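See the structures that follow.
You will see two complexes here that share chain A, one where it goes with chain B and one where it goes with chain C.
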Partner chain A sequence: MSTVFQPHEADWYEATARERITGLLDPGTFLEFVGPEQRAMSPHLEQFNLTGAFDDGLIVGGGRLNGDAVFIAAQEGRFLGGAFGEVHGAKLVGLLRAARDGADKGGPKCVLLLLDTGGVRLQEANAGELAISETIQAILEARLVGVSVIALIGGRSGAFGGGGIITACCSRIVVSQHGRVSVSGPEVIETNKGVEEFDSKDRALVWRITGGRTRALTGAADRYVKERIEDFRAAAIALAARVPAFTIETLAAEQHRLAQRVQQYGDCRDSPEMWRKAGLAEPERIAELSDDAFLAIPQLKDAHHDAR
Partner chain B sequence: MTLDEVLASLFPGGHTLERGEFGIVHGVGGAEGGPIALMGVVDRTPLSVDGALRLASHVLAVIDKGGNTPILMLVDTASQSMTRRDELLGLNEYLAHLAKSLALAAALGHRTVGLVYGHAAAGAFIATAMSMQVLAALPGAEPSVMDLPSISRVTKLPPEQLAKLAKSTPIFAPGLGPMFAVGAIAEIWNVEKPLSGQLAMLLQQSATGRDRRDQVGLTREGRLQAARISQRVIDEATHV
Partner chain C sequence: MERFQVRGVSNRRAAGACKLIIVGVNASGNLEVMIERVLPDNECVVEVTTQVTGFRSVWQAVIEEFFERSNPGGLRFSINDGGARPDTVTLRLMQGMQLIEATS
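Now for the complex of A and B:
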């Protein structure tokens, strides 16, 4: 069996952050900023007896997507759960600010965010929390000047905590089945509210509440893709072409969209209850379908929208 | 200080405040420079999908009215609401929607000021207080990402060792001092003096339009890496 990495065919979930970048962009176009050779590492981990990484778990750079210049950032979910620390977060903030500042000077008009994060890195919690807030502000400032920011989520750490909030600030969101998006993780809810509220060991339940399928069907994500990197690439190309403007009209529409969701599904305890209400066939089986069968299901009313 | 005491000190000329469901309040404060739109999450209520949506509706109503009325966000919230229902409905979108509404209001010329007078934690802290252009806090405020016992559980370091570490760095410890040092909080107000004057001073400062919290953290020597690293990325990205 060949061990040569085939970037486009590779599985997003199994790939490292660097492999995802390689497979997502046009071949040979990636140029890293503040790369690992610069040793921009977290100075805070040593006091917790943790080993740092030369890139602090976040890779940023530029490249081309289908010929167009883009900026790209990828979190390594296998390094401390892809969590936001000071250096990690500052690299992302810098990239987004560069996109904002360069948008009217011929710079890239698109930023790809390959999120794979448990949220704040608690060993540097205050810096991580602030970095998340700064990331949100930088995304929105970039969107205001016409930059599109595309979130791509399908890694083992999902997009939790502040990572979930960042996700929903992006112009478009792509998820695979593994793309769990949430604020409070199941373990956090179980710790705070008890196992009756959320049994974090019940993996099927976790998928039904936070998984990519639930997010895609309800319109919390814009595009559901199969697990291959080339599927993410195709979705990024398709979605980057047209994104919602960050305006009062968009936010008024989002207010309406989110209010409708609470009104329609606010009394549901689990996603099959939502699918039943929405009139989907065999609501209990949605989670078990193959990706192809899932993609054939009609999305719920209002799932296709520009209200983001 | 209680919310009533805070409001009395902020608005000696009077104010209205409606206490709504989900811990969400809104109203108007009278100030010399003109009315200020008041809103907030109070009574340490966890911020839920319903609360975030209600709060965002108040922000969008201010934008809809036009003009440049400042917004003052009063914050005393335990954290985001940690329930299965909130996550099933997609709490991340609701919190983001609130953050987006506040950013848009600022971009359209409304000064946005946060005041943490009680608790503020985790995702609720990000979507409310930290989404304002300027954040002030009262000396008794308790902002945090997570409490020390929970950090201890995750980092597997004993609480005593964490408490000791917390004395040497503001980078992870909960509380007002560390949050001020890293640049999250712009000002800690003096409760011995009327808050109205301190709010007026803050509103008089012109908005920079840019997020400078990393610079503040650097100046205060609480967050030494962030500003330098983000600038290095900008430099490399700009010279491609």
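Now for the complex of A and C:
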């Protein structure tokens, strides 16, 4: 494989879900569950004259991260926008339940979620909505028995709709500049509340509000990384090792953190107003900085809070 | 949507021992190709599921040229196509072929 593709040097945004898995895990350790040869495909798409994917846009399996056993799931953001359907969701829920059930029997203590999704697949919406709910429940049940669930987001679909809610339920969140995280997409907000509320055609605005830099600066993501797969790998290794216990105290701390954030920034109309309040130099230029300059901002703190 | 297969014969077994490779993504203008080493050494087949109807003769020509060029004995190719152009199809088939022969 190495003669054709150098996974550790590759760009997360450009890579396919399979290339991300190959580059993220220790070389040669990935073992896929319900692989493409089993053709577990969506039974619904054909009615809409759509061809499916052999893995239904979600790859699940096990492997090693820096020597430790992990489970991993990766969404292919270019197949139907990485959206959740029935089979796609069932594979993810099954993986999380396996982590929950195996945690006290020597199974992996960490699940890596490589999210890249617009939310629910419109062609199988009810099944997709159920899959989102079951995924959230499965993440929380896994965390309750001591499994850490790490979200890694830097693909073109970001993590939207139910994918944004799933992200917020994870133990730790890693983003790159392209990793947009939110619930309602820009077009949805504009359709419902008008262009004065949110102009979805203003790409700079969209990234200023939902992009990885804003998420990292507000503490909605725990670590900001450059676009390379090796940076995501380093972040996953560092964060998996120190995840807060999933207790009432942690939830109370998270609630406190969010309440403080609303108090501090609740009346801001755009992110530069927030950065001015936070005391950042040149708050209007945050989006233009290089990744190295952004990472050097003193206010960009790394997962120092005990919440999540 | 259209489904069909193109069969070929080969005078050699494709190199390598890898049993399964998947390349590409089923997206607009793109396709995914899964290759399985499941056939007798002198046979090959490409099974196509495509979103775009009416181009079967073009597919036939592209696949027969690929068979001639790559001689992929023993391999079954399965395609989910999102409307890729013929040159993209050829490139993906060649990419998959190179990967399965180079992977131990």
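FYI, the second predicted complex is superposed on the first by the 301 of 308 C-alpha atoms of A that agree within 3 Å, B and C clash if a C-alpha of one lies under 4 Å from a C-alpha of the other, contacts with A are read in each partner's own complex, and residues count from 1 in each chain.
Here is the rule we use: a contact is a pair of C-beta atoms (placed from the backbone, for glycine too) under 8 Å apart; a residue touches a chain by one contact, two chains touch by 3 or more.
Only a predicted model underlies this, so the values are computations on that prediction, with no experimental measurement involved.
After alignment on the shared chain A, the placement of chain B and chain C results in a side-by-side fit free of clashes. With both structures placed on the common chain, the touch criterion links A:Phe79 to chain C but leaves chain B unconnected. Using the contact criterion defined above for the overlaid structures, shared-chain residue A:Glu254 touches chain B, although it does not reach chain C.
In the superposed pair of complexes, A:Ser182 makes contact with chain B only, with no contact to chain C. In the superposition on chain A, A:Glu227 makes contact with neither chain B nor chain C. In the overlay built on the shared chain, the residue A:Gly162 is in contact with chain B alone; chain C does not reach it. Once the two complexes are laid over each other on the shared chain, residue contacts for A:Gly52 go to chain C alone; chain B is not touched. Once both structures are fitted onto chain A, a short way to say it is that chain B and chain C open up an angle of 110° at chain A, using Cα centres and rounding to the nearest 10. Between chain B and chain C, B contacts the larger number of chain A residues. This overlay, made by fitting chain A, leaves chain B and chain C with a least C-alpha separation of 15 Å.
When the two complexes are laid over each other on chain A, chain A has no residue in contact with both chain B and chain C. The part of chain A that touches chain B in the complex is made up of residues 31, 33-34, 38, 40, 43-44, 47-48, 60, 62, 71, 86-87, 89-91, 93-95, 97-99, 101-102, 107, 120, 122-134, 136-138, 140-141, 144, 159, 161-162, 164-169, 181-184, 188-189, 191-193, 197-198, 209-210, 214-215, 218, 220, 246-248, 251-252, 254-255, 258-259, 261-262, 265-266, 268-271, 274. Considering their complex, residues 49-50, 53, 56-57, 60, 63-64, 80, 82-97, 99-101, 103-104, 107-108, 122-123, 125-127, 130-131, 145-146, 150-151, 154-155, 157, 165, 169-174, 178-179, 182-184, 210-211, 213-214, 217, 223-234, 236-238, 240 of chain B touch chain A. Within the complex formed with chain A, the residues of chain C that make contact are 1, 20, 22, 24-27, 30, 32, 34, 36, 49-51, 78, 80-82, 98-99, 102-103.
Residue ranges of chain A in contact with chain C, taken from their complex: 1, 3-4, 16, 18, 35-37, 46, 49-55, 76, 78-79.
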